[in-house]
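In the two complexes below, chain A is the common chain; its partner is chain B in one and chain C in the other.
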Partner chain A sequence: MQGTTVRFDNVSKWFGNTAALENFSLTVAPGEFVTLLGASGSGKSTALNILAGFSDATSGDVLIGDRSLTGVPSEDRNVGMVFQNFALFPHMSVFDNVAFPLKMRKTPADETRRLVMDSLEMVKLAGFANRKPAALSGGQRQRVALARAVVFSPPVLLMDECLSALDLKLREELQGEIRRIHKDIGATTVFVTHDQGEALTMSDRVAVQNDGKIEQIDNPETLYDRPATRFVAEFIGQTNLIDVRPTKGGVEVAAIGTHIPSDKTDGAVISLRPERIARAGQISAGSDITQFNARLEDTVFLGATVEHHFRLKDGEALTVREGRSGASDLPEIGAEVALEFRKEDAVVLADH
Partner chain B sequence: MKSLRNSPGSVLMTLFFILTILFLFFPIMVILPMSFSAGETLQFPPKSWGLRWYREYFNDDLWRASTFRSLRIALMASILSTAAGTLAAVGLDRTRKSLVPVFTGLFLAPAIIPNVIIALGVFIMAVWTGLTSSEPLLVMVHAMLGLPFVLLIVGAALRQQDPSLENAARVFGAGPVQAFVTATLPPLTPAIISSLIFAFFISFDELIFALFVMGGKVTLPVRIWSDLQHFINPTIASVSTIFIIATTLAMTTAEILRRRSANRNA
Partner chain C sequence: MRITLIPALLLALIFFLIPVFIMFYQGLFDPEFTTQHFDRFWNRGAYLRIFINSVKISAITGLLCVLIGYPTAYFIVRRPPSVRPILLFLVLVPMWMSVLVRTYAWMVLLGREGLINMALVYVGILDEPIKMMYTSGAVYVAMVQILLPVAVITCYGTMADIDQSLLSAARVMGAKPFAAFRRVFLPLSLEGAVTGFLIVFVLSMGFFIVPALVGGPKDTMVANIIAVQVAKANWGFAASVALILLVFTLIAMTLIRVVSKRLIYSAREETS
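Here is the complex of A and B:
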């Protein structure tokens, strides 16, 4: 099976005077796994509902392949979908649930049987065909929902917060499984979640949404290492945001006493990941390194890493994370510690 | 904490409970034995026993006619009421939030406004339109009386249901009507059957409207009522006993179905 391009072309959705989605444009390549990530109210579900045909865009167009979906009802869009609460039909057996899309497509009975059993095999539920959904665990229901969504080989697969109802361990297990299935079937996948960890683990690209707009769309690494906006830097992972002042050719970091080169003329903060800061002398020379002193206020044990909370000389807080392998000589609380980071790891951002 | 068992309060509570139950069941406890009397008049307790008055009931053409009339009306009214009430519940589920209280109030009105007042209105309407002694009119009136109950029972089941079921059916290829019939409706079946039974009995034992508009075509409750006016005859007791047993069985079934539908999606 081959996925198809999905394209949002300047889509807006207004509810009265508020925009749930504003000039939303996004192209998902065939077979790509793209996640719409955002808090509730960010417009991610609105975008998915418009793509599924449950809701109409106020303006703009959505296309699957070259076909505009404007005026096309859900049932004619040929997309598979996994719903937030699974939406399994409670009166039907697992088999009938998975067979439903095939029945609607008038697939012959013997082929239906084969496809349903293949699908159930894929989600490791072949022995559960005759059960009712009520007799399954949450994780099993999720797998049935997944089998139903892909049984008819749709070129496009939609997933709406479909892991958020499960507990952490199950969620991680299913994340791996969904990735494997995605690779197998190659459907273009649009995944919606509010969980940034989930988005980073599963996706080829992540679109970070805020207030109905896309803040940044990039692969997980770029999103984490080079956030484009202050919102993204704060939303994805943990970071230190330090106030700066724009100067010629970069920004002046008063709290640390250094200059970071940048093309940005409206730089207001720098984002510095806690694991990118080290105790002085630990980063190999060769790159442009800046050193400074800070007072240690607290150290928190996190298992594989420890987190140090420092105070800079102007009173700003700074978090540093280090692996525990070489860190047997933990500095004392209250001590002045020399720290360093590569200038290229500091991301200069505007204040919006 | 002080134990409540055997305290004067708990003794009073138990006594109160027993009295309440006695009060509620007293009419039934009196009627049942009286129906098995072999005597000429209603006696409690009966001096001699027999099935005489049951034979009387089954052999009397007028009793039979009014029973069948009531059954017919109740059957049609409950179907009409359940169909309309189910659609109303589904419609209400999809109505703009600001309009929901308005329509809910409208649909529940028949259960709140005193029946005598509605009956008077219906009577005047029946006279104007010449629909007195009309079974279809009584069917519609009874359907209206059942509507609030159907709306409450089916509405409760609908609120328990995953709202994306119908969307799921749509996205997997079902048209709007097909999605409603295959995805939304079937999980509501227990609630719908339970509504049918409730609506049936609301019609079957309804007296006031039947008295106002049915004229010569008496229903079973009207027949019981008018018999009591003229002479006290143990046939009433036997009819009532059959009535009680049928109602108990059906209402129990309805309640079991209602609970099953409430638990299903939990």
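Here is the complex of A and C:
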């Protein structure tokens, strides 16, 4: 089966005077796994609901392939969907739940049987066909919901926060499983979540949403390494934001006493990931490195890594993360420590 | 058992269990053990006919209440959450008036010189008033009006518990609106309809004001027999009729419950 392009074309959705979604444009390539990431109220679920046909856009259009979905009811959109609370039919057995989309498509009984069992096999629940949803665990229900969403080989698959109801271990297990199934069936997948870790592990591309607009859409590495806005830098992972002043050809970092080259003329902060800062001498030469001193205030043990909390000379806090390789002794609290980072690792951002 | 329950249990014992026991006793001992009161009920065709008629009236009232109450509840549950309490309130308002008052109101409406007849004659739909009072139709109209809120509330109860995303799920999986209703909403709300029917049926079986005031001689119900026998101080026979009514109602309820349990989804059992 082959996925189909999904395209949001300048979609807006207004509730009274507030925009849940504003001029939202996004093209998902056939077979691509795109995640809409954002806090609640960011418009990510609104976008999904419009795509599924549960609510209408105030303006703009959504297309699957070349077909506009305006005025097309949910049942005619041929999309599979996994709901946040699974939405399994409590009065039907697992088999009947998974068979439901096929029944609605008037699939012959023997083919239905075969497809349902294949689908249940895929989510490792073949032995559970006669159970009622109430007799399943949370993870099993999630798998049934997934089997039901893909049993009719939809070209487009939607997932709405569908892992957030599960505990961490189960969630990680299912993330892997969803990725595997996505590769198998090749459906264009739009996944909605507020969990950035989930978004980064699962997606081909992530669209970070804020206040009804897309802040940045990129693959997970770019999103993490080169955030486009201050919001994205803070939302994805952990970072140090240090105030800077724009100068000719870059920005002046007063707190560290260095100059970072940049094309941006409105640079107001730099984002510097804690693991990109090291103690002086640890970064191999050859790149443009800047060194500075900071006073260590606290060290937090995190298992595989430790986190040092430094204070810069102007009083700004700086977090540095380092692996516990045992290569060098940890500095003492209160000590003045020489640190360094590559200038290219500092991302210059505007203040909005 | 918690000690705070004891006053309530005592109250139930004194004012409910003991009277029921006395009723049993009076039906079966007069003063020696006897079945004469029951024999009288079975052997005189009139009493049995009245009983069967009561079952018929109650069953039809139950069905009518569910047929009207289910769509009403569906309408309410599909409104925005802010509107629903107002609509439910409107459904419940009539229940605050006594059954007697509401029955008299129907007499005012349905009588020969009543509002409906007068209005229909006035606009020319009727040439002369028709007989509406003292008919079975009047009994049904009044009983359904009185008991309808019960059916609406029980139907609404199960409907409000249905996760609305189930309907969205059905739609996105290819079900047209009616198919989504028939395959998902209806099966999940049927238990409320059955419960509504049973409650209305049981309450109807005990009605006597309505058939006595707006019904004809054919519309006499079991409770009317009991009332008449009590008035004649015929305690033994009244008690035996009451017993038959009680036992029949219990058996009917159990049967319907057992049958519906096999066929109908129940949220309570799934979660327990």
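Worth a mention:
Convention: the second predicted complex is superposed on the first by the 349 of 352 C-alpha atoms of A that agree within 3 Å, B and C clash if a C-alpha of one lies under 4 Å from a C-alpha of the other, contacts with A are read in each partner's own complex, and residues count from 1 in each chain.
The criterion applied here is as follows: contacts are C-beta pairs under 8 Å (C-beta built on N, C-alpha and C of every residue); 3 or more make two chains touch, one makes a residue touch a chain.
Quantities reported herein were computed from a predicted structural model and do not represent experimental measurements.
Once the two complexes are overlaid through chain A, chain B and chain C clash, as defined at the top of the document.
In the superposition on chain A, A:M117 makes contact with neither chain B nor chain C. Once chain A of one complex is fitted onto chain A of the other, the partner contacts of A:V337 are absent, as it touches neither chain B nor chain C. When the two complexes are overlaid on their common chain A, residue A:L170 makes contact with neither chain B nor chain C. By the touch criterion defined above, A:P101 reaches both chain B and chain C.
Under the contact criterion defined above, the residues of chain A that touch both chain B in one complex and chain C in the other are 52-54, 73-75, 77, 79-81, 83-85, 87, 89-91, 100-101, 104-105, 134, 148, 152. Against chain A, in their complex, chain C makes its touches with residues 163, 165-166, 168-176, 179, 183-184, 187-188, 265, 267, 270-271. Contact residues of chain A toward chain B in the complex are 52-54, 73-75, 77, 79-81, 83-87, 89-91, 100-101, 104-105, 134, 148, 152. Contact residues of chain A toward chain C in the complex are 52-54, 73-75, 77-81, 83-85, 87, 89-91, 100-101, 104-105, 132, 134, 148, 152. Chain B contributes residues 162, 164-165, 167-176, 178-179, 182-183, 186-187, 189, 264-265 to its touches with chain A in the complex.
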